[in-house]
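Contents: one structure, followed by commentary.
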Amino acid sequence: MATLKDFSQATRAEVRAVREVVAALHDQLVAWNLVMWTAGNVSQRLHSADLLVIKPSGVRYEHLTPESMVVTDLQGNLVDGAGSPSSDTSSHAYIYRHMPEVFGVCHTHSTYATAWAATGKSIPCALTMMGDEFGGPVPVGPFRLIGSEAIGAGVVDTLKQFPRSPAVLMQNHGPFTIGRDAEAAVKAAAMTEEVAHTMWAAQQLGGVIEIAPDDVDKLNDRYQNVYGQH
Amino acid sequence: MATLKDFSQATRAEVRAVREVVAALHDQLVAWNLVMWTAGNVSQRLHSADLLVIKPSGVRYEHLTPESMVVTDLQGNLVDGAGSPSSDTSSHAYIYRHMPEVFGVCHTHSTYATAWAATGKSIPCALTMMGDEFGGPVPVGPFRLIGSEAIGAGVVDTLKQFPRSPAVLMQNHGPFTIGRDAEAAVKAAAMTEEVAHTMWAAQQLGGVIEIAPDDVDKLNDRYQNVYGQH
Amino acid sequence: MATLKDFSQATRAEVRAVREVVAALHDQLVAWNLVMWTAGNVSQRLHSADLLVIKPSGVRYEHLTPESMVVTDLQGNLVDGAGSPSSDTSSHAYIYRHMPEVFGVCHTHSTYATAWAATGKSIPCALTMMGDEFGGPVPVGPFRLIGSEAIGAGVVDTLKQFPRSPAVLMQNHGPFTIGRDAEAAVKAAAMTEEVAHTMWAAQQLGGVIEIAPDDVDKLNDRYQNVYGQH
Amino acid sequence: MATLKDFSQATRAEVRAVREVVAALHDQLVAWNLVMWTAGNVSQRLHSADLLVIKPSGVRYEHLTPESMVVTDLQGNLVDGAGSPSSDTSSHAYIYRHMPEVFGVCHTHSTYATAWAATGKSIPCALTMMGDEFGGPVPVGPFRLIGSEAIGAGVVDTLKQFPRSPAVLMQNHGPFTIGRDAEAAVKAAAMTEEVAHTMWAAQQLGGVIEIAPDDVDKLNDRYQNVYGQH
């Protein structure tokens, strides 16, 4: 099996930098209330080699350090690190193999996004920030057992059907989000929980006003293409 | 295009002071759970020149410093600062141009205020603190696409119809609040979310008792005119 | 008007100690999410003189210090301190004058307690911790305008009707709580919000099982008389 | 009555280590919003002697230190420590006496778990993390008055009926959780609140999709036996 020594100096430098990034983003999961105890993880794919950096399994967030992050290949095989990789690594790896434009993946069980997932309902688009960030409703993916490639395949299939959404709510499970890097994936996870919570609360009031598809298109186009960053 | 050097020493000093204030108030948005990731911004208009200080676009709150705040004129054109101004700057600028008594503006997507906004319903007045702070229900403004003066105009039109309210819930979007300075606008944003959350919870219980308009008038008069500060 | 110099050295020492206690308890209001911005206050009555120590009006919690706490007599007249006393001081003072066993008062607009108050419904007793702490439902007091003794009188009348409860939800306003000192009053405020939130959530599920009055009596007797502290 | 001096040096060393662990885990109760004021406690049983380490009664979390933790025998009699043991000690002790594989117990009144408890309803299993951690619904135990062995007996009876669940919601009271050590019990308390909150929110949306018992079995088997840690 490969070890980090088999890779170039540039890759080893990229691993060091990405370990810092991925460790710091796990703190953001806690800071924005997206996770409980250890139930969430972030990864980033390298640009210089077919590797990814991800959270180790079963370590509490307060004990995470850049050094404790683990490196695997795109099959999820351990390449470097003291712990074993997160049990969700095979799902992350599947996404990277099948969506070459994706370099960051985040998975949480954040409360309101997961509540929608437990009902198998997509989140209706009634917020301008949903038009901006998701380009429509937040879609639901299929129920899949944990522990095979089935989850990754369900994520990829759903995201390809809804190409403007960086998030999918896997039924009975929770959200997976993607991005051009790990920070974008974590931002998408934060936005997913925020719109899930807001739309959940709106549903309880009754009388939600969905945004016309035409206006959703305009919002999304402007946010993604004209403005760039919010 | 003007730069800060074109302005008086007094204005440059005011800019320095206001940058401190506006940066610190963004920390308050996070501390009181009014924002997620980057989805909210605060500005303050200067007294010594037709300028405003606002958050830069796309910067995470933890990275904000007084120096990173940007200065624009009241058309939203950049006058000083390394980043580009928040994408909501044209709305802030429109409000300042049309409401000369306003020197602070805050915009968030805070969860419960935005949930009410997604249903197009104003928040009924059943709390003495609503009488105090809003002088009645928190009003809803029209649906408007992002990226033109339409949002600012919708905010101003609604606030002029409800002159006792420092807040308007823009339909499908979120709250905008105003004040005599940025701190007052942020306080109004905090109070808007608090009454939105409380009244939302009360609605779920059923049987909300609204306060008689006459009593709302007495509460508001005393709070705004007799007592001054709470 | 009296000043602190008119009082004994023992009283001046007690004032110093109580200022520390009351300032620190305002931090607890923030830490346990019982307040938003400035909407809550705590006071403690002195044992050595007919004085009370309370929060100054209109000061944000992060700026509070022991020195900034103000001292008033039991009519609410300022005796010592740079700011003016909280606008709720007359209510605190009324309670101390009419309930001589009370040496601490806390008032908040905490979210779920205030939601119950907006519906005029007392919180049904379906939690053993309600039996322990409140000896039954958390009672509702009358609607009263702010700015006179009417609020204090409404609080006292209701608490005398429900002598086991340290809390009353003033209709359309929020909770007032009492205790043998300020810490006990703040603990009661925290417990009031917690049971308000929990029972609110239980109501949404439906099928709440209230505790039999006989069992409530047993819980309350044991907690208050046998065990002492939890 | 025994004192710590009656025990071996190894036991005294284990007490020192466990006091550190148990004190630190009380901070986790606060960090993950599982408790309000003092309403929750954690204990760990020793391996070298029939003793347990638990929170002292009536001390606020911010004042807890390893030294303030108290040691009792498995009848709940004080063996070491300045304060008196938590009023829930007899329940913890009963659990240890009747479930010899358990070395950690946690009790909270966490909001949403306690809301389910107030309705006497178990939490339906519609989340893969419930399959993983609980192997089915989170069960409800009987209503029991505080202050005797009745609570501990109710906890043990229910957990023996649902051997895959580390948690029981005692009716009208709140959750008790167990584990191979105190950390595992606190993790179970955190997971209990998280699934209680998520499933509560899902119920409000309506149309919850429960997971087929067969799939629950597969999830639980994999998580507990194949993967080990998450």
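All chains are identified by letter, namely A, B, C and D, in their written order; residue positions are counted from 1 within each chain.
One rule holds in what follows: a contact is a pair of C-beta atoms (placed from the backbone, for glycine too) under 8 Å apart; a residue touches a chain by one contact, two chains touch by 3 or more.
Just so it is clear, the structure is predicted and the values come from calculations on it, not from any experiment.
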>> Please tell me whether the contact surfaces of chain A and chain D are same or different in residue numbering, using the over-half criterion.
In response: different
> Farthest chain from chain C, comparing Cα centres?
Replying inline: A
>> What's the distance between the Cα centroids of chain A and chain D, rounded to whole Å?
In response: 31
> If you average the CA atoms of chain A and of chain C, how many Å lie between those two points?
Replying inline: 44
> Residues of chain C touching 2+ other chains?
Replying inline: 204
>> Under the stated touch criterion, can you name all the chain pairs that qualify?
In response: A-B, A-D, B-C, C-D
> Across the complex, what residues on chain A touch chain D?
Replying inline: 36-39, 57-58, 86-87, 109, 111-112, 114-116, 118-121, 143, 145-147, 171-174, 200, 203-204
> Which residues of chain D touch chain A in their complex?
Replying inline: 32, 126-129, 132, 187, 190-191, 193-194, 197-199, 201-202, 204-209, 211, 215, 218-219, 222-223, 226-230
